[in-house]
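Below are structures written as structure tokens.
Look for chain A in each of the two complexes below; its partner is chain B in the first and chain C in the second.
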Partner chain A sequence: MPTLDQTTDEILKLAATHFKVAREKLAPGDDFFEKLKIDSLQALELLTRLENHFRVELPDYEMQGVTSFRALAERIQSRL
Partner chain B sequence: MLDLHQYESLGAALRDALERWPDEVCLIEADRDRENCRLTYSDFKQMALPLARALQDSGFREGDRAAIIMTNQSKWLISAYAIFHCGGELVPLDYKLTAREHLQLLAHSKANVLVTEHHLWRAIVASPGFKDLGVQTVLVTEASTSADLAGAKRWEEFKAEGEPRFVPRRRQDPACIVYSSGTGGRPKGCVLTHENYLEQCISLTSLYPFWPGVRYLSILPTNHAIDFMVGFIGPFTCGAAVVHLRTLRPEYVRDAFPRYKIAYMSLVPMVLKNLEKGLGTRFAELPAHRRWLLDRLIALNKRLTGKRPKLKISRALLKQVHQAFGGELRALFVGGAFTEPATLQFFYDLGIPVANGYGLTEAGTAVTLNDFNPFRPDTVGRPLPGMEVRIADPSDEGIGEVAVRSKTVMSHYLDDPEMTAEAIVDGWLMTGDLGRIDPTGHLQLFGRKKNMIVTEGGKNIYPEDIETVFEGLPVKEFCVFAANYLWPASSVTGEMLVIVLRLEPGHEFDDALRCELAERNRRLPDFKRVRGYVIWDRDFPRTASLKIKRIELAEQIRASTERATAVAAL
Partner chain C sequence: MKKRCGQALSWEMTDGVVELALHREPLNEIGTLTLDELEQFVDELETATSRASALIIYSTLPQGFSAGADLRELYTRGRDLPMDERVAGVRQSLERIHRVLNIIDASPLTTIAAVHGVCFGGGFELALACDLIIADKMARFCFPELRLGLIPGFGGIPRLKRDLGNAVVRDLLLTGRSFNVQKAQAIGLVSQVAAEGEALRVARSTAAQIGKFDRHTRVTAKQFIKPVPYNELRREIETFCTLFARPAVEEALRRFVESTDRQPYLP
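On to the complex of A and B.
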């Protein structure tokens, strides 16, 4: 199983590619709404991408209040 | 539908609905492509009454308050009915607020009972203010068997045998306390009576009726005034069904239309625009000859439905578009914020009427609604039956503050007579919105008189509510405003929050301050963030008790600056 750091890194790579942002501009503690300049619907798009990549299900209602890449990674990690 | 004129309370009307249509489906809960449950009115009653009895056994009495903090799901409505059955007052709270905000509003409402989901409860328990929580009974749903409930009880197990006593309430008694804002400093808890809801329901269903077999797709939060009315009270008092979707992913929302043969759905402008974008993309991908045909059919539909919608014609002409929406769609309701006329026109031309309207929680949801007679996308429609709307102190162009009088207007703000007196003057609710009524009786909006913004997602944001996160900022003083309030724009578009900064003497706006502002901003949800700043070179006017005189400061800024040059992006 990957470590939390590895999962976080995967998320950052995926987000950077999908939203066309330079990977080095993203850090684990960043707020993904702000850094990726996305709204809540685009955040759902990101969740779908991550679900497909990690093969986990991330219920919308459990993602309430999750805004940082690190917190996102923790939620995914707990389901791997 | 039930004759709601005959009823004294929501509880009594809903109780009769459960008896009247026992075998009709009232509620479907779906999660992605799975169906979690499908309940008839009889099933619903079988689940709600043991909960009501357990609440009564736990000491929940007439007039006690119970808060619900849940995403859209069947247990929301079952709990709400159980609370009304017991004569309780419902406090529906927005699940998207932070745990700290939940605790503030729970304390303000003095709720005795809290019904919530386990993941939300975990956040509340972890919040520093948890130790002061005064709620006596907490029910949590969907907690795993090994979960630490921190004193809460499992909703699924909280039931008792025996018929619960139905506790009647009168029309003027409070039914719900709905917070329209005020998580920062001064909570605005709108006390809405049973009469407010019954009258609103009569009014809305006279224009957009429900009946057994009709299905409403619920994706707006149920705590939101619109969904509470058209995604619960309206369909239930007509024997219709509500479909809860526990995800907002566009692909599943799209699938739900044909799967559940949806007739109505409410949404906010942001989601509607997204839907428009999705359809636009699909149309653009069509081969040239099919695109040519589609354009001709849309033009023909537009010509045939110019005066009023003709669903049968539109469904026949634009069959594929309508099939994608399940073929049963009658109308979409959009509210909570301003919707661009072009977006409304786009859907209308496809034969999908989007009923836009204007409303506010204080007025008991909707005040005006487009009745498509004829379609007027440049307005927010005409006053609903039973609503009196007038323009206070109109200018030469007829623009002034929109004032509303009706049986749907709230009773008062909870524990705040001063704010109530400002809002309701001689029986008229002063909305703070600027509008004009045209010769055909349609209301047009022209911005706001009050210092607030409404996001495309339908959220009301009051600057005072978010200032606490900027406390301790290394400046002499600061104040947050809605840009359109500082520089009136005769528009409800381009709304944003700006922070006015008075720097310490000799200081400049440098990168360190920019970073500090950005860091503070990040603590707020994205829709509440400040988007620009204004450097102000004078001390703020203050009262004797050193409170900022916001109105005076706004006047000073307005008199000596222009938005285009004064505001720098953050």
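On to the complex of A and C.
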């Protein structure tokens, strides 16, 4: 099973690729809404990409209030 | 069937396949405008069934198929009315959308929803009225109504109960969570998964195959396989109206509509 840091790094790479942001500009504690300049629908797209990539289910209600890449990684870790 | 371009919908028939495109921004919310055009569409569809074999419903908007009922309109239209008039208006809208979806459900054509992205609430119910759902890898299905104190009102529950196991129906409805396409296919909701952006192409390919079949057999098979749960659909309208009259629903809709948070108000 990957570590939390590895999962966070995977998320950052995936987000950088799909939302066309330089990977080095993203940090684990960043607010992904602000850094990726995304709205709630695009956040849902990110959720779907993460589910597809990590092969996990992430219920929407667990994502309420989650705004940082690190917190996303923690939710995913709990499902791996 | 003549080609038609409306404000919310467009439709045309090519080589025996009717295509209905949804294009009301921001995300094909189903309100009065869409309902008016859906009624025109189904009335024309009924005259075209002898010359067509399949119907494809899809969205031209990049974010997805449909975000569902127009909750903003639902809230603002009734806000200043007494509750009995507000419920009467909702009931009338539900009767109209049920008529439309029942016609699509029972259509002699083989009907396909080509889904990408968001397919929520009333949009999901439109897809459920179709015989097949073909979805791309980014599709997401959800009934969030319970999170606002309601149930789906466009026929979603009876159609889910017809098509899926009850445990899955409970999961979708009672948690209000969304399913990705892998989950949706695993439970039998989605018939084919397409690559990202390819749902319409796969739907067209499927429709072309359906067009090879004998019309009488195709129609007879559908009638045998897919009964429309009319009694349950009636009960759903009654249940929805009863729930809609509760003050808690008005408050939840107000918070949803007035929210300026980055994430929508969905407790």
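Criterion: the second predicted complex is superposed on the first by the 80 of 80 C-alpha atoms of A that agree within 3 Å, B and C clash if a C-alpha of one lies under 4 Å from a C-alpha of the other, contacts with A are read in each partner's own complex, and residues count from 1 in each chain.
By definition in this document, a contact is a pair of C-beta atoms (placed from the backbone, for glycine too) under 8 Å apart; a residue touches a chain by one contact, two chains touch by 3 or more.
Every value quoted in this text rests on a predicted model; they were computed, and no experiment measured them.
Looking at the shared chain after the overlay, A:74 reaches neither chain B nor chain C. Touch criterion met: A:33 reaches chain B and chain C at once.
In the overlay built on the shared chain, the residue A:59 is in contact with chain B and with chain C.
Legend: residue contacts after superposition of the two complexes on their common chain; A:48 is shown touching both chain B and chain C. Look at A:10: by the touch rule set out above, it reaches neither chain B nor chain C. Once the two complexes are overlaid on chain A, the chain A residues touched by chain B in the first and by chain C in the second are 33, 39-41, 44, 48, 59-61, 64-65, 67. Looking at the complex, you find that chain B touches chain A at residues 31, 71, 95-96, 98-99, 117, 119-120, 123, 246-251, 270-271, 274, 457, 518, 521-522, 525-527, 529. Residues of chain C that touch chain A in their complex: 27, 63-64, 117-118, 137-138, 140, 142, 144, 175-178, 180, 182-183, 262-264, 266.
On chain A, the positions that touch chain C within their shared complex are 33, 39-41, 43-45, 48-49, 51-52, 57, 59-61, 64-65, 67. Those residues of chain A whose C-beta lies close enough to touch chain B in the complex are 31, 33-34, 39-41, 44, 47-48, 59-62, 64-65, 67.
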